[in-house]
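Both complexes shown next keep chain A, but they swap its partner, so chain B is in the first and chain C is in the second.
Entry: the complex of A and B
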């Protein structure tokens, strides 16, 4: 059972990493979206608020007379809505900010993440957000069954997300995003409207961040604004960097490695270990994070372009074939 | 009477205290190949940038097919600093379109310092330039409902690569190609936007004499094939004299001569300023 939940965590964070992924296009040209946690929070809240069963409202919103939202939405609709609301907020933020050159987006999104965290805990919004109290009893991974099993749901959602992202990347819009990343001036000269496309890629990435937040809510079983701190953004950022900016499969691999390292493989470092009468030094609570940070440093230093660079897993074989064919010619 | 494609009226571009172009007036007619020559730093690239919307002219107006596409007059701090002429002529006129809008209207360009999309293949570089004429939106594109258009664009990109002689290297990374090929790839990419006016900024830079001759023939060929009007900045005098219908000569931002290749070759001011001074 424990192992199962770890697996789900892995899948869930994979999705989260992917969700972040949309933003990489923009990284160079419009500055990073440092508000990932904020958009995930929005997604988590939208999902939770609209899926808490009506008969549980009285208990959940006990300080707010059962809340004011007196309906519940089907899970899938709420999941989509989580993405849509995050995307709409992104569109609003992007409108003024993306017209400016340079790194204002990073600052604006960082500010947004901090503000939104405060806003949802605001007492006047309590009847909707439950203030600073937990949201709970909404459907989670543990009780969402597909074909009679709870294992499938996160896999299916992440599969759909990956497919969508790949479809977008491989469309004419994906190519335009990449062009902007490569050379803004040239892209503009080739007729790519910078503002329109930056706004679009920002909105798309935040749509997926919203869904990622909803999935995180499903995984955790409870939602509380304070857990959506900037550190979460950095976790996600790290996965993308480690995986290789611009590689979907890289992000997936990296997030699995990330989870596996931090949760499974390095666990033993936190426990004092005695071999025979020899007390292995350094092994104590907290040491895991030290080693973990070191591993990340090594990756960042020696794999500048991430594990995969901008290649995809399935392209590596293809390139070789092509090279081989050319050589034979 | 032939129709005017591009018209610059009293264009002045001033950066801080530097007047890069000073009162440049010129016109290009339908189907012409017009060259802009002048020593380095004379303001030629800046003129291109004013036409393509990269800069808004400090003063003056640009018309494309008699439609105003760029106009400016000294404003704010520039009112005091302005060192050009005709400061009152364009008062009240201000048009500044983004470069993509101008490309959309039918003006495409190449860059003096090659600016290909470096992470992409030659083919993808050209394909990106078909994006601006799309009829798809993000949803139809993502779900490949625009497959007909997509196929058409891919075919066209491949055809253009064939025309510039790069079909064999379509799948190579653009930046791994030799210099001459990169220049031709930039031309193919510009053509993919379906321009009526093509601006070439030193297309023969870095090419050897044979490549330069080929390029001249090539420019004439695509001009005929696509019904283009061509505006070219170039230093190779053989090329300029060989293909141009008319030539404008600038020095220190000022127009010093204009005329047919024959007239320019015999113009004393030009010989003094440029032809004599340079090795050609």
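Entry: the complex of A and C
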């Protein structure tokens, strides 16, 4: 049972990572979007606010007289809404911010994430967001059943999202994103409208980030704005890089490994261990994370292309990629 | 009215000075490597922990220089281990490496300290209370801006008038050409990290005299704010970073004075975004021509 929940965590964060990846894929040439945690937060809150059962409102919003939202939405609708609200917000933010270049864009998106976090916790918005208090009692993975089992739901949602991302990547828009990533100036000369496509990729990526956030909320069972710090963006970023920056399947594999490693396989490092009369040195609380981050550094430094590079799992059996693709910077 | 604002203004100038000392490290590294050194905030935190542990066994006069030396060594090692192997890699890889290094340092500090907040030792003299007008404050509040400005002037002189400074300017102008001209870029880059770390160490002493608990993630927010300050002033420009840091420190403090403490962080970022929209390269940033 315990394994199962780990697996689910893996799946959930897979989706998050993947969705980041959607962003990544299109935005690489523009610099990183470091605001992902903010859009995940929006998704998580939209989902939680609209699915808390009406009966529980009085208990959850105890400091705000039961809140002002006096209805609840079906789960799937709320999940979609989470993505849509995040996407709308992204469209709004994107209009001014996407005109900035590389590192300036990165820091501006990071700034917006921090602003979102502060605004959500604002006391005057309390009747909607519950201020800085927890949101809870909404449907989670543990009580969402499909075909009589709770296991399937995260898999199905992530499956659908992955499929959508693959479709986008292989569409005309996906190729335009790729062209921008490879060479912005050349793409513009070929008639790709830079701003339009950047905005679109930003919105798409934030849509998926919103859904990822909602899934994270479902996994955790409670949401609080304070946990959506930039460290969360960095986590997702590391997963994507470890998987290989141009590969969907790589991201999936990497996020499984990332979560399994940090939360499950390395657990034993946190507990003191005695073999015979020999006390294994160094093992105590916190050692797991040290080893884990050291492993990450090794991957980042020595396996720069990540697990999959820019290949997909289903391409491995094929002949080597064309020279042109390998020559890319 | 002025009496009511004065303490906040003083606090703002002081915090601004501390941000400035960190921001210089960011801006110098960015100027030369075009890298957002995410681990800089953790170097700042590490300097705090060095002090906590060293004071337990050394007298204060000795502990201060040793802290600076250790912090400098840490910055040097960071550059050699995490950034040097990636010299020819795409910029994105280096940024990821910086994030990874920051992650590693935070976890290492968590492991060593057991995750508990540590009390920063009281630095003699600096934490004495003085009276200015109607406000009473620690001496550190007054020392910080003076020390900051002094150090920055010395740094600017170093960059303008010494050989290593000239090398730094050359490298930041054109990495490859300066390499061809026989400048040992690895030495120059190491020097940048050494200076940045030393200033961060000084900054941490001043900062923790005001906010006296050290935790493994305490450096994240000041680090981020300092980076914002660097971008605000035009990243790559040292005077820009300092002015940006003072502005941000003062604004943040005034926001707190107006009673919106919860928004002080958000306001900093909002200010940054507004500035970037009107001046995309910051207040004093150079306008780079795009090469095709």
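Basically, the second predicted complex is superposed on the first by the 314 of 329 C-alpha atoms of A that agree within 3 Å, B and C clash if a C-alpha of one lies under 4 Å from a C-alpha of the other, contacts with A are read in each partner's own complex, and residues count from 1 in each chain.
Simple rule for what comes next: a contact is a pair of C-beta atoms (placed from the backbone, for glycine too) under 8 Å apart; a residue touches a chain by one contact, two chains touch by 3 or more.
Every value quoted in this text rests on a predicted model; they were computed, and no experiment measured them.
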- Query: Putting chain B and chain C onto chain A via the overlay, clash or fit?
  - Reply: fit
- Message: Quick one: is A:146 in contact with chain B, with chain C, with both, or with neither? Answer first, second, both or neither.
- Response: neither
- Task: Classify the contacts of A:260 with the two partner chains as first (chain B alone), second (chain C alone), both, or neither.
- Result: neither
- Centred on chain A, what angle do chain B and chain C make, from Cα centres, as a multiple of 10°? 80
- Task: Could you tell me if A:187 is touching chain B, chain C, both of them or neither one (first, second, both, neither)?
- Result: first
- Touching partner for A:59 - first (chain B), second (chain C), both, neither: neither
- Message: Output check: A:99 vs chain B and chain C. Expected answer is one of first, second, both, neither. What do you get?
- Response: second
- Query: So which one touches more of the residues on chain A, chain B or chain C?
  - Reply: C
- Query: With the two structures laid over each other on chain A, which partner does A:178 touch: chain B (first), chain C (second), both, or neither?
  - Reply: first
- Report for A:164: first if it touches chain B alone, second if chain C alone, otherwise both or neither. first
- Task: If you've got the overlay open, could you tell me the nearest Cα approach between chain B and chain C in whole angstrom?
- Result: 9
- Note on the structure: On chain A, the footprints of chain B and chain C overlap at residues 185
- chain A residues touching chain C - in the complex, by the definition given at the top: 28, 32, 96-97, 99-101, 103-104, 106-108, 110-112, 114-115, 117-119, 121-123, 185, 229-231, 234, 237-238, 241, 245, 284-287, 289-290, 292-294, 296-297, 300-301, 304, 329
- Across the complex, what residues on chain B touch chain A? 52, 54, 98-101, 103-104, 108-109, 111, 115-120, 124, 127-134, 136, 138, 141-144, 146, 150, 153, 171, 189-190, 192-193
- Would you mind writing out the residues of chain C in touch with chain A in their complex? 30, 34, 36, 38, 81-82, 85-86, 89-90, 92-93, 95-97, 99-104, 106-108, 110-111, 114-115, 220, 224, 227-228, 231, 235, 262-263, 265-266, 268-270, 272-273, 276-277, 280-281, 290, 292
- Task: Write out the stretch or stretches of chain A touching chain B in their complex.
- Result: 164, 167-168, 171-173, 175-176, 178-179, 181-183, 185-194, 200, 204, 246, 310, 322
